[in-house]
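The following pair of complexes shares a single chain, chain A, combined with chain B in the former and chain C in the latter.
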Partner chain A sequence: MIQSQISKAAEATPEPVARRIRGLSDRSIAWIFVAPTIFLLLAVNIYPLLRTIWLSFTNYRVNRPNNDVDWVGLRNYERILSDPDIWNTMQATAHFLFWTILIQVLIGFTLAYLINKKFKGNNLWTTIIVLPMMLSPAVVGNFWTFLYQPQIGLFNYAVGFLTGTDPASFSMIGDVNLAPWAIVIADTWMWTPFVMLICLAGLRSIPESLYEAAECDRASHWRQFWTITVPMVLPFLMLAVLFRGIENFKMFDLVVQLTGGGPGSVTELTSINLKREAFEKWRTGYSSAYAVILFVTVFGLASIYVKALNKVKQR
Partner chain B sequence: MNAFIRGLLDIRRGPWEMVASVLIGVGVLMLMQPFWMTLYTYSFIVILVGTVMFLTVSHFPE
Partner chain C sequence: MNKKLTYTVASFAMAAAASSAQAEELTLCWAAWDPANALTELSKDFEQQSGHKMSFEFVPWPNFADRMLNELNSGGQLCDLMIGDSQWIGGGAESGHYVKLNEFFEKNGISMDDFIPATVTGYAEWPKGTPNYYALPAFGDVVGWTYRRDWFERPELRAEFREKYGRDLEAPATLEELKDIAQFFQGRTIDGNTVYGASIYTERGSEGITMGATNALYNYGFEYQNPDNPYELEGYVNSPGAVAGLEYYKELYKTGTPPGSSNWYMSENIDAYKSGQVAMQMNFAFIWPGVHADPNVGGERSGYFPNPAGPAGQYAQLGGQGISVVAYSEKQEAALEYIRWFAQPEVQARWWELGGYSALKAVVEDPDFASSQPYAQTFLDSMAIVKDFWAEPAYAELLLAMQARLHTYVVAGSGTAKEALDGVVRDWTETFEYEGKL
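And then the complex of A and B:
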């Protein structure tokens, strides 16, 4: 049936076209298949990157397209790297990155370790734990603002219930000391299941025979944990840290919905600050330089991280 | 230590990648530390040198 359809299609192909296809080498056919992808990559990734680098050396403003574009050299970079406000956003991002990754890895690994134990309702618990990850960050940001309400928020009520303080006496998103922790808690709630899933995949890939051999050698559970479980899960953990690190470095939607960068600018992460420079102040050249700095930083970190990951995998 | 220096002189990938990685790490710490503005100012050039070095030396022989 299929053979006859192929024959029919071959007969229907006009002779000049058929001759041209017959004359193509394997290499040419491979290029025909790969060319659309390369074209898309060039159009969507490479060209915008090169254009951004070029714009970062100019005073271009996208809201004034008729103005002359002057070459300003390294002035945009100099201004960014001597601006105390941008330095503050870098520190806010560092705080957010460090604590979210640390807490998510600790809780995610613990949850994965517990879920990996065989018990009744194991799959149901996995599904329940994974639910936050399936929500939109904008939705999560929105409903955490309700949870953090001093008067009616469940979070404040729970803290008040556990510590005995008045729930209305503190505001997680209105206090300059608490707001950085408010975004850490919301992000941890949303993305810990992701780290847990990756750790669970690592734990399930450990052959049972390793534990049996350790049992024969009378190794304690503590020793088995440190000499079998942790080294075998380490590549997976590093992968989770890489993914979360890159994602949180460009975190935008959740934090914008939750705090909008405030109070003041204590939760203004680099991506939020960059968006303000680019699309509220319309300083396109300046914000291009800012984007290039962030790009080089993430690219450099990702390079050494991938190298470390390969080393761990080879062990 | 000697092997590391010999690796650098013989243009081997391992030690040079180590140098580039340290530069990137130090640059990121300089970028995000809250203590000294001068360190922040020079952080990007350190990261950039480290990243370009990393891309270059990853083509060196093992």
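And then the complex of A and C:
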């Protein structure tokens, strides 16, 4: 059937075209098929990347089209790496990354472990738990600002109820010490279900026979957990960490809605800072250098991490 | 009678011109706020008279600058007319985003002498103080205050206030009095609800805290630069008076504002006031028609006063915008036609009626103007004391630096006022050096 359709198509192909194709090697035909993709990749990924790298060595400003563009060498890189404000945003990002990933992995794995047990309403609970990650980050940021309101916010009320403190006596997003945790909590609420789902996939991929064999060997549940469950789920967990790490490194919308980078600049993550440099201050050359530094950092760390992930998988 | 006749003749002339010219669809870009709705209503007359069709692109304030400056910088043709913020005028002129209007004004008998001087300087001129016009003053605006007159008039509160401060509980004349009143109301229970002193601007992301704190800074002695030596900042931006002004603003924030108001700007202040949370509200004058009409706090329940004086004088932060023709528009003729129509005294009078703050002297100096609305006199008083932020092409850099420094001191509570303002001097100096102005 398929063969006859191919024959029909071949017959329908105009002779000059057919002649031209007939003379092509398999390799050439393969190139014809991948060429559009490669062209798109070059146009939307590689060219902008190369252009960004070139711009990072200039003083170009996109809002001053009439100004001369001067080659400034490594000056933009020097300025960025010696700017204490930028190091502060790096520190804020590191704090956000470390704690969100740690907490999300712990809670996500625990939830997955519990959900994996067979109990009534299992599917319903799974659906309820994954709801937050289906919302838009901007919406989540917006409604967490209400939850954190000292006078009417449910979060403050709950903390007040549990600890006996006055809910109006503390402001999660207005206090320098609490604001970094406010964004960690909101992000954790939203993205823990994602980690949970990946862990759940890992848990469900473990063959039951391994546990049966362990039971035969009279291995305790604790022993089974550490020698079967954790090693088998580890590649999945590492994948979740990779995804969350990359996502949170470029976190923008949720935090902008929640704190706007404040109070002061304690929650100004690198992506927010970069956006201000590029699209508010319009320092295009400078922000290109900034973007290159961030790209190299993420790409480098991700590459090392992926290698480690492959090693774990091969074990 | 004469005015009516002129208006009718002008309308007929416009209609006749429109019938011979090609009808265009014009897009006007502005912020999404109450005055934009009034302008939509007002523009229906233009559509009727000119035959052109108006469409509008309104963007909420927090994203307005981002969206519109992106549009201008990319040479976009979305907007034919732009009611851009006053600080954009330098960039708009120097980068060629806005059409220079001098010749057009001259040809059409539009004189900048007919507009409130502060609005001409603030919204239309670049460089400042020179007769080079890139906009027509479209919407006069200024930071002022709204207060709960019904609370201020309660005998028990008046008595308690008098006993505590030795004066009557009235709209404050000085910033110190304002702070006293804010502290007096802070945490007080009124009608069973806990209320607070004042809602003030503290927003971090765009321009909020700068637009707020400058109302204290100006009145304590802050200057943007040496008036006799442009771009000399040291000793003006961080003068002892400026330091005292910033310390004042922080104290007001810490002792007289609702808990959690660490990132508040126009809409949050309106919400706090209309929901009965605060006794006073700092905000731009554009909100006053909405406050007056509000079922909970409107009418006699609210009063208005200009930004109170400080030790160095009485000033208020200028808001408002001018209307410009975008240089990338292919419908510049029709866009200029809109500006010609908008500049007419009758249209400006109707603009005020609909809730738009006209900057035309003929409107605001009309003997009936001050009594036309309960906030009209306060608007006039406030417009007489305005100061504005930098309108340099690099204004965004200057603004973001000030936002970060002020928020770090006032809200985050880090460092001292002197350190914050020294930081502003350093950041601004770097920007001006980069710009080749120092």
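One rule holds in what follows: the second predicted complex is superposed on the first by the 302 of 315 C-alpha atoms of A that agree within 3 Å, B and C clash if a C-alpha of one lies under 4 Å from a C-alpha of the other, contacts with A are read in each partner's own complex, and residues count from 1 in each chain.
By definition in this document, a contact is a pair of C-beta atoms (placed from the backbone, for glycine too) under 8 Å apart; a residue touches a chain by one contact, two chains touch by 3 or more.
No experiment lies behind these values; they were computed from the predicted model shown.
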- Message: Should chain B and chain C be called a clash or a fit once both complexes are overlaid on chain A?
- Response: fit
- Is A:Gly160 in contact with chain B, with chain C, with both, or with neither (first, second, both, neither)? neither
- Query: chain A residues in contact: does chain B have more, or chain C?
  - Reply: C
- Message: One more residue to check, A:Ser82. First (chain B), second (chain C), both or neither?
- Response: first
- Quick one: classify A:Lys307 as touching chain B (first), chain C (second), both or neither. first
- Query: After superposition on the shared chain, which partner residues are touched by A:Thr297: those of chain B (first), chain C (second), both, or neither?
  - Reply: first
- Task: For A:Gln91, decide between first (touching chain B), second (touching chain C), both and neither.
- Result: first
- In the superposition described above, what is the shortest C-alpha distance between chain B and chain C in Å? Please give a whole number. 17
- chain B and chain C footprints on chain A meet at residues none
- The residues of chain B that touch chain A in their complex are 17, 20-21, 24-25, 27-28, 31-34, 37, 40-44, 47-48, 50-51, 54-55
- Query: Where on chain C is chain A touching in the complex?
  - Reply: 65-66, 69-70, 73, 91, 94-96, 194, 203-206, 258-263, 277, 393-394, 396-397, 400, 404, 407-409, 411-414
- Within the complex, chain C is touched by chain A residues 62-66, 85, 145, 148-151, 153, 168-169, 171, 173-176, 256, 259-266, 276, 279-283
- Task: Please give the residue numbers of chain A that touch chain B in the complex, ascending.
- Result: 77, 81-82, 84, 87, 90-91, 93-94, 293, 296-297, 299-301, 303-304, 307
